[in-house]
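The structure that follows is given in the form of structure tokens.
Each chain gets a letter, A, B, C, D and E, in the order it is written, and its residues are counted from 1.
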Amino acid sequence: MGRSYRIPLPALAASAFVLVTLAIAMVFFVAPNDADQGFSQRIFYFHVSIAITAYACFAGGAWKAFRHLTRRDPRYDLESYVAVHQGVILGVLVLLTGSIWAKISWGHWWLWSEDQLVLFLVLFLFYCAYFMLRFSVDPGPQRANLSAVYALFGVVLIPVSFAAIRLAKNLIHPVVFTLQGPRFGGWILVTYCVAQAAMLVLAYTLYRVELAGKLLDSRLRELREVLA
Amino acid sequence: MTYARDVVALARKDLLLELRARDTLPAMLLFVVSTFVVFHFAVGSSPSRLAANGLLWVAIVFTALLGLGRAFVPEREQRTLDGLVLAPVDRSTIWVAKSIAALAFLGAAEVVALPVYGLFFHRLSGSAVAGVVLADVGICAVGAFLGAIAVATRARDLLMPLLFLPLAIPIVVGGVGASVAASPGRYLGFLVLYDALFSVVCWATFEFVVTE
Amino acid sequence: MLRASGIGKRFGERRVLRGVDLDLARGGFLVVTGPNGSGKTTLLRICAGLARPTEGELEVEVGRGEVGYLGHDPLVYRELTALENLDLYGRLYRVPERRERVGMLLERFGLWEARHDRVGSYSRGMTQRLALCRVLLHDPALLVLDEPYTALDAEGAVLLDAQLEELRAERALLVSTHDPERVERFATAHLGLAAA
Amino acid sequence: MTYARDVVALARKDLLLELRARDTLPAMLLFVVSTFVVFHFAVGSSPSRLAANGLLWVAIVFTALLGLGRAFVPEREQRTLDGLVLAPVDRSTIWVAKSIAALAFLGAAEVVALPVYGLFFHRLSGSAVAGVVLADVGICAVGAFLGAIAVATRARDLLMPLLFLPLAIPIVVGGVGASVAASPGRYLGFLVLYDALFSVVCWATFEFVVTE
Amino acid sequence: MLRASGIGKRFGERRVLRGVDLDLARGGFLVVTGPNGSGKTTLLRICAGLARPTEGELEVEVGRGEVGYLGHDPLVYRELTALENLDLYGRLYRVPERRERVGMLLERFGLWEARHDRVGSYSRGMTQRLALCRVLLHDPALLVLDEPYTALDAEGAVLLDAQLEELRAERALLVSTHDPERVERFATAHLGLAAA
């Protein structure tokens, strides 16, 4: 079942470590201070890259869910679950970093008037419901199917929610990636790219670690059963 | 054609069941009416147009939710889902039929509720009504699907709102827009898109909800 | 008609079936026995296509519409009448001469008089008879019957005997029971499951 | 004393059934937050004090209906009401226990919801909270009673839909009054009266609901 | 213990029982037989106090807490475990040494290993065994058992035989069945109901 093109875990862990160190170094020593937000703006590099990584996790979870539905292999169910799990953890971090930043630059921990923020909260709630769903079904093929289907709904909901927000059009939340391309350049962009890469690799590493642990668990269980 | 005939057979059964047991519609009616009474009492007869409209959408979403949570209860109580799943029909017909039945109940509740709303608050524009109709379709399509999911879990009724509400937010945004915006066209278009998109997803994946 | 090899099923940690093989051809009548909780129902649900084995291969040669499954639950709606229930299934299975066949089965199983009553008001034996009508309605090629004699009175059991006699030549039957003597004369094969 | 012990045994069972899902409390929290998010998208971020109050009551009524709708579901699905009726306990304990369980469900939701409400909208006055508590008692007492009627099949057809509306609306009106009126005393008094009256009626007649 | 004369029951227009007389004393074992839908369950529910006859007199000499009724439904909660179910009934019936008795019954009916499982995951025979535990839990003086052998395997049936053997001297039993031979040796009286 093991797929040979997988990057070995130690190499992955090493590159994650290097990238994260590099990103932290660049955020604090290379990136320039923001003109009107000062030092605190540096949280941006984490905030945004974590948010994008969270979306990547949700998308990955949905992709694995799709594979599960076409192949009906419990392994994909596990992978999908682990990916969504990572996404939710990162989602908490987005809410936290965003709140800290909001407190510093707007003076409030949370603004209901920001549909963009509320939208993220909605998606976060959606994936919390995913967990509730999983926990209230006995393990087995049915649980795998229900989770997979709901994870698929997630990737449809994300763009639909974005469209809804664009419609409602109430955007003080900074929009960096506009149709005209990124609004910033130079070291900011480079630092951001490194931070983003670091987050993605770190998340993938953690995903692989958790997966390996879970697989080990189920192998042990099988082994115990064979022995019994 | 046989697809349509299967859907009709199943939807007929759902309507018959409600006619016999009368579980769903009374609860929905009670809720809508008390929502309006509460609001009428709380804010008097002339709340801002915006607030009143928002209330209408809250009422619609939660009324639907109340009904949708019970959509698959007969199948669960008598475990007849097995019987339907065994039949040589496309499994998605089960979802289509449930959505239609749910739409019928929600429609019935709204036939009462919308005039009452007009009476208590203010008349609804044509585009608002169009928004309600389009929203109903999306709500019932997604809701019936999630009802099938929720009923297979241990937490059931408790889970249903959690599964449903995040997915209902775009509908609320579109519906509110359609009823208050100056140019409702965009919002109605958005609702059509929502309905189409989620109906396709539900239709394509329902099979997995009811089979192992 | 039905071929299974090495079938196993587990519910979470608990393993219920392990390495079950069976082979059932047209004209075959396989009797499944075993103590309470040994997995008869689980096996029959798998064979009927209601559950998926966690291990092993299952090959069913007939389409979904040609399987008739009688489970522990009658799979009918309590709030509907017998007629409405059978009519629904008749439509779903696209039974030719649906109304006539429904009438014939109701009469054969002694439910004609009660056809307009809510199934919820039926006695247990009457509900079982209705479930049998449901199973036979579309004249399935593969019958999977889980303890079909349950709740039937002597007359009902004789009726069912006659049905099985009639069916076994041209169909394949998979029947679980706690009273193997009852179906001894039909059986072409036996499968005994061991307690879990 | 044995009366109290029987009630405890029965209520324990109802709570166990409720908690079988394990994560009831986090689910409540999610539910409450989801509800507020829907409100946010429906009425905007800063509704008037009165409108916010109205929304609170809409949420309470919805949660109560949700909880009460499921109150007798286990008894109905597994027809275990017979088992309880056979036991040598005063039959009214069944109603008392169900009311308590429903109250616990609703109370748990409110323990989460009221502070969150205070956080998002504005603080609730003491009399508003008193109104909520008193309304809860009435809603649960009457709701559990009507739920039992719905399960005991005979009366099912007509009574339920007919009774529920007229019985529930006064509580809601009283509760809303207690939270928005200038002098809430009258409303609170009304709620106390309502609770007392209907509790006595339910307590005295429950036996006839569950036995032939 | 139990005396009935001229008992009748109708559901709306439909008359199910007419003029049934019975007399059951301590040590009595009355077997009720009759075809499906003849009213056995209806009669047993009346005797257990779950339904009221529309005609005739019924006299039950024991209190509500001393009756044990086994019906077609197991009367347990599917979402609770066997232990939780029996514990609930033990409390309601104020059973002395409740926990010990629950353990003893679970063991006797072979459910000890499964005591922490949701009843919803039980097989049909296991559920029937649990229902028997529930009935015997409070050591009732009058037992009303509606087709108690249903769904039991051979071992379970022997267990039930032993129980009935043990109980019949000091209790009164009212048992309906479709297989009167099975309980022939215990029976002190018979009542055959005619088809409706």
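Everything that follows uses one rule, which is that contacts are C-beta pairs under 8 Å (C-beta built on N, C-alpha and C of every residue); 3 or more make two chains touch, one makes a residue touch a chain.
All figures in this text were calculated on a predicted structure; none of them were measured in a lab.
Q: Can you name the chains that touch subunit A as well as subunit E?
A: Output, common partners of subunit A and subunit E: C, D.
Q: Identify the chains in contact with subunit A as well as subunit B, in label order.
A: Shared contacts of subunit A and subunit B: C, D.
Q: State the chain with the largest centre-to-centre distance from subunit A, centres being mean CA positions.
A: So the chain farthest away from subunit A turns out to be E.
Q: Measuring centre to centre, with centres taken as mean CA positions, what chain is farthest from subunit B?
A: E
Q: Approximately how many whole Å separate the CA-defined centres of subunit B and subunit E?
A: Those two chain centres are 45 Å apart.
Q: Go ahead and note the Å separation of the Cα centroids belonging to subunit B and subunit D.
A: 24
Q: In whole angstrom, what separates the CA-based centres of subunit A and subunit C?
A: The separation of the two C-alpha centroids amounts to 49 Å.
Q: I need the residues of subunit C touching at least two other chains; which ones are they?
A: 11, 52
Q: For subunit D, give me the residues that contact two or more of the other chains.
A: 20-21, 23, 27, 30, 34, 37, 41, 77
Q: When you check subunit A against every other chain, which residues touch at least two of them?
A: Subunit A, residues with two or more chain partners: 122, 125, 128-129, 132, 136, 138, 140-141.
Q: According to the definition of touch, which chains form touching pairs?
A: Here the touching chain pairs work out to A-B, A-C, A-D, B-C, B-D, C-E, D-E.
Q: Which part of subunit A faces subunit C closely enough to touch in the complex?
A: Contacts found on subunit A: 72, 138-141, 221, 225.
Q: Using the touch definition up top, name the residues of subunit C that touch subunit A in the complex.
A: 11-13, 15, 52, 54
Q: Under the stated contact criterion, what part of subunit B meets subunit C in this complex?
A: Going by the criterion above, the answer is residues 2, 5-6, 9-10, 12-13, 16-17, 20-21, 74, 77-80, 82-89, 212.
Q: In the complex formed with subunit D, which residues of subunit A make contact?
A: Subunit A reaches subunit D through residues 112-113, 115, 118, 121-122, 125, 128-129, 132, 135-136.
Q: Using the touch definition from the top, list the residues of subunit B that touch subunit A in their complex.
A: 149, 152-155, 159, 162-163, 165-167, 169-170, 173-174, 177, 186-187, 190, 193-194, 197-198, 201, 205, 208-209, 211-212
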